[in-house]
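What follows is a pair of complexes built around chain A, which joins chain B in one and chain C in the other.
What follows is the complex of A and B.
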């Protein structure tokens, strides 16, 4: 990761934003929600850009992650931060169940995984003994205090999610720069050609699916412990798929930071501006915004900013 | 000496359409085996079947005496069975150097990538000049050299080369065949599929003629009579 990008990001994430907004609970809450979307958006873009797979099913991984962590912490006494990781593991395991869909390509994969997402929602409703059924789970434990820092507050939650998002972006960047990243890029040019030269292309795609599901699961688990409440319609809501996709495309889904930037811009604009102007149907404006971005810069917002700075179009933003 | 690669009564095709009926041939280590034949004879299908890209429905394929029938392509590549495909199949949106690096993807090739890259640049100085250029901007001849270089990065024991001269200017074809002769002199085992019979026969140790999914002629390179080969080549086609 280029330190000229990473250092400002870290300063903004750990100093500027907390200092500016710590007293404004409403705004901080919105930023946490935007970062939750950002985390899924990074995971989605990782799968879309590196794995070449458009997924309509990330709500499934988000929901599974949130339920796994909530249930483990409530019923098995697992510490909350360990639950966060287990949520990721749970989503990764769930993604293995969706792997038959890897045999499909493009829109067929997207639709198959959309159907899978629904299966997990039904499971959450039906497995009443574990998940509390349609009524959901109440009083999911908060984040604890560690070394004198209370992560159970809004500000504490902010630090948790911003760390998750930054780690996810760094992991994405590391994979992209590795030999595997190169092989995945080659797969977009021609999957047959990569097979000819001995790349286990199916395995690589499967690994990207697992990584993407893991990140999404961790974000889902975070959300469960942050809002302390879950029910199937909410945890598996299509919004957890649609908003991250919109954010990733708006910000630039072929860049590492585009999905994060896109999530912050789209979600905050929507909540702070469009919702004020148009209390009902404010999402309409999001659609127009997306359409505008696709016309103006199909690559998204980040490529525009990079060009403005006079940087090369190929800069690893 | 035991053959390095044995193809024993292979039947293969695409779904309901069978292309290879009963193909048997052997490839000796260090030799150049040339497979000629008209369009549609099944030459490319044979190479793809050897690589596990087309399912083998009957017969067997053995490498070093062990069956590799329908083995996963990447396992065969890791074992030194390398194909330089027809139409080159380079990655147009990646740089020349990254294309070559892709050849070193199999784990056992990663350690030696630096030396192999130097070896490839030594063989194809033109690729070195263009190492940072996008592969999609290369000329046909350069793209063929890139495909060959990428194949060599895979540290082949046997190189299956499919129509390297296809669509190239005669002067470039000369260069490609000069390089093939050099690789042969260095001891690489080559299986060459070519339509350019004259050229291919000059470097052949063993020649097979394929006709409609079968081997129609098998002869040592030095004993092949070009007129007879051409007669067979065209006669059978006319008879179909």
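What follows is the complex of A and C.
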């Protein structure tokens, strides 16, 4: 990761934003929600850019991650931070169940994984003894205090999610720069050419799906412990798929920070501006914004910013 | 090292390969000729795992290949080029070779990559985009380079010389000879140009309508009446 980008990101994440907004609980809450979407958006972009797969099923991984962590912490006494990781693992395991869909391409893959997402939602409703059924789970434990820092507050939650998002973006960047990343990028347009030089393309795609699901599961688990409440319709809501896709495409899913920037811009604009002006139907403005961005810069917002700075656009990032 | 035993391939009702039995020894160079549509590329596709035969079997260094996917065959030591070059997209020339080496040979050895780039006269294009910034000869060289980077023992070359003018063809043929000697390779070479084949290959096999109709030295094969008939379509007096 280029330190000229990473250092400002870290300063903004750990100093500027907390200092500026620590007393404004409403705004901080919106930023946390935007970062939650950003985390899923990074995971979605990783699968879309490196795995070449358009997923409409990330709500499933988000929901599974949130339920796994909530249930483990509530019923098995697992510590909350360990629950985050277990939520990721749970989502990764769930993604293995969706792997038959990897044989499909393009829209067929997208539809199959959409169906899978619905299966997990039905499971959450039906497994009443574990998940609380349609009524959901209440009083999911908050984040604890660690070394005198209370992560159970809004500000504490902010530090948790911003760290998850930064780690996810760094993981995306590291994979992208590796030989694996080269092979994955080459696979979309030349899968046969990669296979005859020894690249097990299906395995690589499967690993990307697992990594993407893991990140999404951790984010889902974070959300459960942040809002302390879950129900199937909420945890598996299509919004957890649609908003991250919009954010990733708006910001630029072939770049590392595009999905994060896209999530912050789209979500905050929507909540602070469009919703004020148009209480009903503010999503309409969001849709128009998306369409405008795709027409103006199909690569999203980040390539535009990079070009403006006179730098060389990451044409094949 | 490579053995095909009664390999049969059909696409729908069309039989592309009929009962092909063929062997290639370590370090041997075999020329594969035949009219268009004779099944030459299909044979490469069978050996590299892209196409599955309906019957028959094949093995490489004693290991049965039928159940091995393309990428495992590449790791076992079967490298191939495509008639229409298939460079890896979104990668430079060097990155093409790095991916091939990392996955096909299971190692990272930049010196070996530099050596391949030098041998194939691609060093000056190493950091150019492999899809958009190469000339035809360089695309053909990269096809060979990707296969070489996987550390093959057997190299399948599908018309890598086709489309080049005479001087370029001669130069590239010398390069191929040098590559073969340097890496101690067995090769199967598909090529239409008979002088080229005769120079490069001490042994030639001829396919016609999916059947192997001749196999021997170039002198013997190109005098064979059936071979001449398959090419010219005329009876020989």
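Basically, the second predicted complex is superposed on the first by the 314 of 317 C-alpha atoms of A that agree within 3 Å, B and C clash if a C-alpha of one lies under 4 Å from a C-alpha of the other, contacts with A are read in each partner's own complex, and residues count from 1 in each chain.
One rule holds for everything that comes next: a residue touches a chain if its C-beta (ideal position, glycine included) is under 8 Å from a C-beta of that chain, and two chains touch if they have at least 3 such contacts.
Everything numeric in this text was worked out from a predicted model, so none of it was measured.
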{"item": "Clash-or-fit label for the pair chain B, chain C on chain A", "value": "clash"}
{"item": "Which of chain B and chain C A:197 touches, first, second, both or neither", "value": "both"}
{"item": "First (chain B), second (chain C), both or neither touched by A:179", "value": "both"}
{"item": "First, second, both or neither for A:282, with chain B first and chain C second", "value": "neither"}
{"item": "Which superposed partner A:154 touches (first chain B, second chain C, both, neither)", "value": "neither"}
{"item": "Where chain A meets both chain C and chain B, residue numbers", "value": "179, 182-183, 185-186, 188-190, 192-200"}
{"item": "Touching residues (chain side chain A, partner chain C) in the complex", "value": "179, 182-183, 185-186, 188-190, 192-201, 316"}
{"item": "Contact set on chain B toward chain A in their complex", "value": "51, 53, 72-74, 76-78, 82-83, 85, 89-94, 98, 101-103, 105-106, 110, 150-151, 154"}
{"item": "Contact footprint of chain A on chain C as seen in their complex", "value": "48-50, 69-75, 79-80, 82, 86-91, 95-96, 98-100, 102-106, 108, 129, 146-147, 149-150"}
{"item": "Touching residues on chain A, where the partner in the complex is chain B", "value": "179, 182-183, 185-186, 188-190, 192-200"}
